[in-house]
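Paired with subunit B in one complex and with subunit C in the other, subunit A is shared by the two complexes that follow.
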Partner chain A sequence: MLKSVTSSGVAAPQATTGATSPQAKMVTISINGKEVEVKEGSTIIEAYYQSGLDIAHYCWHPGLSIAGVCRLCMVEIEGNPRLQIACNTTVVAGMKVNNSSAKVKDAVKWGLDFHLINHPLDCPICDQAGECGLQDQYMKYGQYDSEMGEQKVKKHKVVDLGPRVVLDSERCILCSRCVRFTDEVSKTHELGIFNRGDRAEIGTFEGKPLANNYSLNTVDICPVGALTSRDFRFRQRVWFLKNAETVCTGCSTGCNVKVYFNKEGLFRMKPVYNPNVNGHWMCDVGRDTYKFVNKEARLLEAKVVSSGKSQEMPAMELAKKLGATLRGHGTSAALVLTGSYSVEEYEAIVSYFKTDVGTKNIYHWINNPETFDSFDGLLFRGDKNPNTRGLLEVLKAQGISGSWKELVDGIGTGAIKTVVVAGPENQANFPDMKVKIAELSKVAKLVWLTSGKNAELDALTGDVALLPVKSYVEKAGSFVNHAGLRQQVDRVMTVVPGAVSLTELVDLMKEVGDAMTVKSTAATETVPAISANQIGQGRINNEFTLSRGVW
Partner chain B sequence: MAIAIEKVKRAEATDTWYMPGILWGLLLTFKSLVLNLIDYIPSVVGVKKRQIMPTVNYPEEKYEYSPRFKGNHVLTVKKDGSLRCTACMLCATNCPADCIKITASEHEDPSVEKFPIAYEIDILRCVFCGFCEEACPVDAIRMGPEWQTPGVNGSEFIYDIKHLAYRPQLKGGIVSVLDEKERHEAGI
Partner chain C sequence: MFKLSDEGLKYVKNELTRYEVKQSAIIRCLYRAQDENGGWVSPDVISHLSAVMEIPSAQIEEVATFYTMFNKTPVGKNHIQVCVTLTCGMLGGRELCDSMMKEAGCKKTGDVSPDGLFTFSKVECLGSCDTAPMIQINRDPYTENLNTEKGLELVRKLRTAGGAGASGKGH
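Take a look at the complex of A and B:
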């Protein structure tokens, strides 16, 4: 599970007010007979969430505007003869609200019945089953026998809304969350509701498919199985998957995500609410970043190529051999780092090269310098590394400032004989992969640390060693995002049992160099490269990410 | 204080002698032999059918189980002969032995939508509890009457779609009682 990091380095307490500023005026209202203090101006449904009480709803979503179309969040307000919707009623001091009376329960129950009138109930083949708002709320608030005697209205099934999203109109309950998302968040306005009454359907306009980089968020916020992800569709039933929180490594934003996995590997990623980083959303590019972690894409065993012969061996064995070669190697050794690794790993390997190897030849491989500062205005950044900032901070703290030209010249003149490359995790984000491999393979001895397979690396002859390293879900560590926010993640699962993290690699290499050295993690010994005031507030828990969540 | 002494009765020769027990057992055996012979001879000459003998001459004779016997699985088919299974994986979810493996895929017909491209039952792991049959919402899997299923290697005990739905004994497949088209027309 993800650990919250605050400026003091302690896990943040469960903040019940979320992004509420401390200056906000509070009012006291009574919910189901319980006195609750809520921020002035918030709605009743927000008050329910803040006080941890259950309330039925479909169309309301904390990240979207209020539509008030599902009529399910009914509450009884004292002094008001009719039931009101909680999502669009603002709290007033002294207000007495309840949703536990028989009147409210009855209204919610028959409201649900109306929603399910034309719903096909094809749960067995619906991907949403197991995490579906209709299923959950029927069990909680419904449990009636349908009184619908008419035939259900038939609508379009398996409609391609875009490259990533598939629509089933029959399952749709017209909550309009997806329409509001494209209008308010992505601001691309692809979706709309067409026709009227029970013939109303979600759809796109001719020639304008739902193809923006945030389209899969509509699948997340769809409370039923109307919108499904083309990528995840039919691949697993959700109840076979476990999940864990981590940070997306697709770009330097560092969105908080949940990865869904089982023993076969990772299957999908979903955003986790964090007002300081990504809010409720994440981009579609980020959702694909689970693919390079799965076993099919990974390097499983270390491989050593020397004098034309290739030999496979366990990573630990190779690591120990490397330690013996590198120790005291001096300035003829060089290290190339990419922004894919955690701060702790950088600290370990950089200090190892400085002290044990005895070289300051450490270089930063920047994948796309020209688009580094680009930003799409919402979440997606041009710097497609999770930890560029962390790397730069570590290099700065260790007093290292090598330019790429130095490295190339060093290789050219033969001054640098051994290069260790901590290669990119997500190779798709490194368009210059081929060029760099060609450039670096000119060195006498090349050691490439990589989590993924690569055909060019496999084809190298010369004196080459490939060592499998752990991907971001297989190790604990922290990543510093573009804004200097340090986020700590825990290990999620093991994909490649033989792989090592850079910290473990350093430990293994050190043991060979000096057998008497007490085994220690370099990260705990060195001073953190990032000073305390730069550590912003990382992940926080709040009312919307409590155990039940919002679909 | 005197210590209480209990006199233990040791087993005597008549108690430890095993011969009477063996003879008693043999008597029972001989009784069955004689009775079976008396019963068997008329059936050989064809006078009457044998009744008393509790054993059967397997494999020449086979025991007939009740029609409710839960034997090897059958995947039912639709009227057009395609698989009834919708790959909802409720059987796999319910399976206590974890022996069902299904790979689902998108069907070209949107009214079918989801179907299995692979359905495998590891019959050696199966405990024949019938939970898969109970979990199935569309009568796609049933426990059939077969119980003699020899095989010469492990792979023969992993039943695929071809075996489960279309093995020769099924004569082209068992048609499911639930028809998708009829259900659609009925507005379900």
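Take a look at the complex of A and C:
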């Protein structure tokens, strides 16, 4: 039935590159002596990226307009006496371009030396170290003794540009990427380059905070350590972090992201280019969605409260007990689902309730009905669930259409005696959490599946069971975004070893008395599968992706 | 709060129609607003222009801070710009500036004199080397062929004249 979910009708932000559609005419040019076919109308720098060749640059970014200020992407064009910048020169058929000649290398070397005149050598304490454009280009094109003998100009350091972004003006090379971002993408126009010459600095007018919901993209695109994220600053050296691609679960847009992690947990999220979903960007709210995954916020063991006594036990044991209780429970059992889980999990648990438990009392918990359909025009949507659409498709296919009122009435009259709640993963997105807990705890027996800790749940005194479930990075599965694009994600890492996914839970519940075997999908999930580039059928490989991403 | 006069507003609206890109009108509008604001561009001026011209305030600030002809701090009624580039410098431009400043009661360039009448700036070549040393007061025609005596005399004259600039044309 999910075959009906197609990847059509996607309204995506357009990447503002000079690159044209896949049907575009191709022209043949020669790059560094090699004949290559590139799209007609590309700039030379795009031609380099299309052919997978290396070229130095700072100010050019595929998602922004051309500035031509860093003067680092110099190329030699045959028949042209002077070097040209590759970012602002369009290719023509038969053009012969070269950036490997001594002349170009010398130009880049001097470009770098000028960029570094006033750049402090504070790499050991700089957060950008390890993913810094200056370091990279210096290792490739530099490695010289600086010929600059002058004192470095002192500028502002540790400037609070906004709640999430910190500026170090001395490190800034004035590439203007961040200024162009606030002008062209977020269209909030906070940033500008003030003063001139060696006193020029990035800033906001009258110290007005850079507080838009996309401000951290400026940190991503900053090629040096001038803009850093207040959240991530000084928390980890980037070379100690692994990364894997997944999908952001902050809202129904489903931005493609990279999560950075080590054995302690997740540390940050960055967007991954996907022209059909999020372009180059993601919102600041989405970047916080790694926090609820980490151990501090998680429920580690299952907990059962009955007649005032609380007892901890492994999730597997509780799952089997639940299976025994629920089997054949009939219509006095009910299931509440939120949009946080994967399509595969919905399929498993819904069919379990229909066939094994024998009830169609399955209800959709909508967290913020008032703002559900809102959209900020760029990426951020009011539906703060990654998979509402997937849930609705599953419910529709299984012929389930219960309203929330039915559930509340059922609990009120005592017709519903047991409620299983597949609760929200990201509780901050559920402003009605308290209300719903109060409503649902009136039932005789409440089973709450949750990945996170919750004080209200812990305070419940009736017949309550809490069971830890996996967060989105701990399981494979697919999420259907607002436009119907189904995106497949792989497991990234394990944070809470004791947690189970809904699919594993169903398998455990089905196999009452059958010890410790977790079969089918669960078995495939335990295979370590940290692989990049696996998400999203709609994903198009990024012709601009550098080996390490566009810094 | 700074507000343009009705005429100033008309002037700005007219400037906006003159260019393909309205950012092109920023310099002329800033000049006008600076004149109306007693010779300097205050944050209020930028906010007001931003609202009137519908251009983000950061972009106007970029222009205002780039060009030295826009004063970012208050200036006296007579903003005296003394040329200190080559010819004027060799013929005593800096000394002229220093003695005029002393006479006017300004401790350093950029300061407003206690009576509010004078601010001095040392500027780069104004293109009148044949009449060095020379100065420009506000945006008036140049005052040329100076020496220390003439400079001091000028300061005294301006002080007796009180408020108005040399030609009364404003900043």
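In this section, the second predicted complex is superposed on the first by the 502 of 551 C-alpha atoms of A that agree within 3 Å, B and C clash if a C-alpha of one lies under 4 Å from a C-alpha of the other, contacts with A are read in each partner's own complex, and residues count from 1 in each chain.
Keep this in mind: a contact is a pair of C-beta atoms (placed from the backbone, for glycine too) under 8 Å apart; a residue touches a chain by one contact, two chains touch by 3 or more.
Values in this document were obtained by computation on a predicted structure and should not be read as measured data.
Participant: Looking at A:92, would you say it contacts subunit B, subunit C, both, or neither? Reply first, second, both or neither.
Facilitator: Neither partner.
Participant: Does the superposition put A:438 against subunit B (first), subunit C (second), both, or neither?
Facilitator: neither
Participant: Using the superposition on chain A described above, determine whether A:193 touches subunit B (first), subunit C (second), both, or neither.
Facilitator: After superposing on A, A:193 lies in contact with subunit C but is clear of subunit B.
Participant: Return first, second, both or neither, reflecting whether A:233 touches subunit B, subunit C, both chains, or no partner chain.
Facilitator: first
Participant: In the superposed arrangement, which partner chain does A:24 touch: subunit B (first), subunit C (second), both, or neither?
Facilitator: neither
Participant: Using the superposition on chain A described above, determine whether A:415 touches subunit B (first), subunit C (second), both, or neither.
Facilitator: neither
Participant: Would you check which partner chain A:124 touches, where first means subunit B only, second means subunit C only, and both and neither mean what they say?
Facilitator: In the superposed model, A:124 contacts subunit B only, not subunit C.
Participant: Report the residues of subunit C in contact with subunit A in the complex, numbered from low to high.
Facilitator: 43, 46-47, 56-59, 61-62, 65-66
Participant: Which of the residues in subunit B end up touching subunit A in this complex?
Facilitator: 86-90, 93, 104-106, 110-111, 113-114, 137-138, 186-188
Participant: Would you mind writing out the residues of subunit A in touch with subunit B in their complex?
Facilitator: Those residues of subunit A that touch subunit B are 122-125, 150-152, 157-158, 233-235, 237, 239-240.
Participant: Quick check on the complex: what are the subunit A residues that touch subunit C?
Facilitator: These residues of subunit A touch subunit C: 183, 189-196, 204-206, 208.
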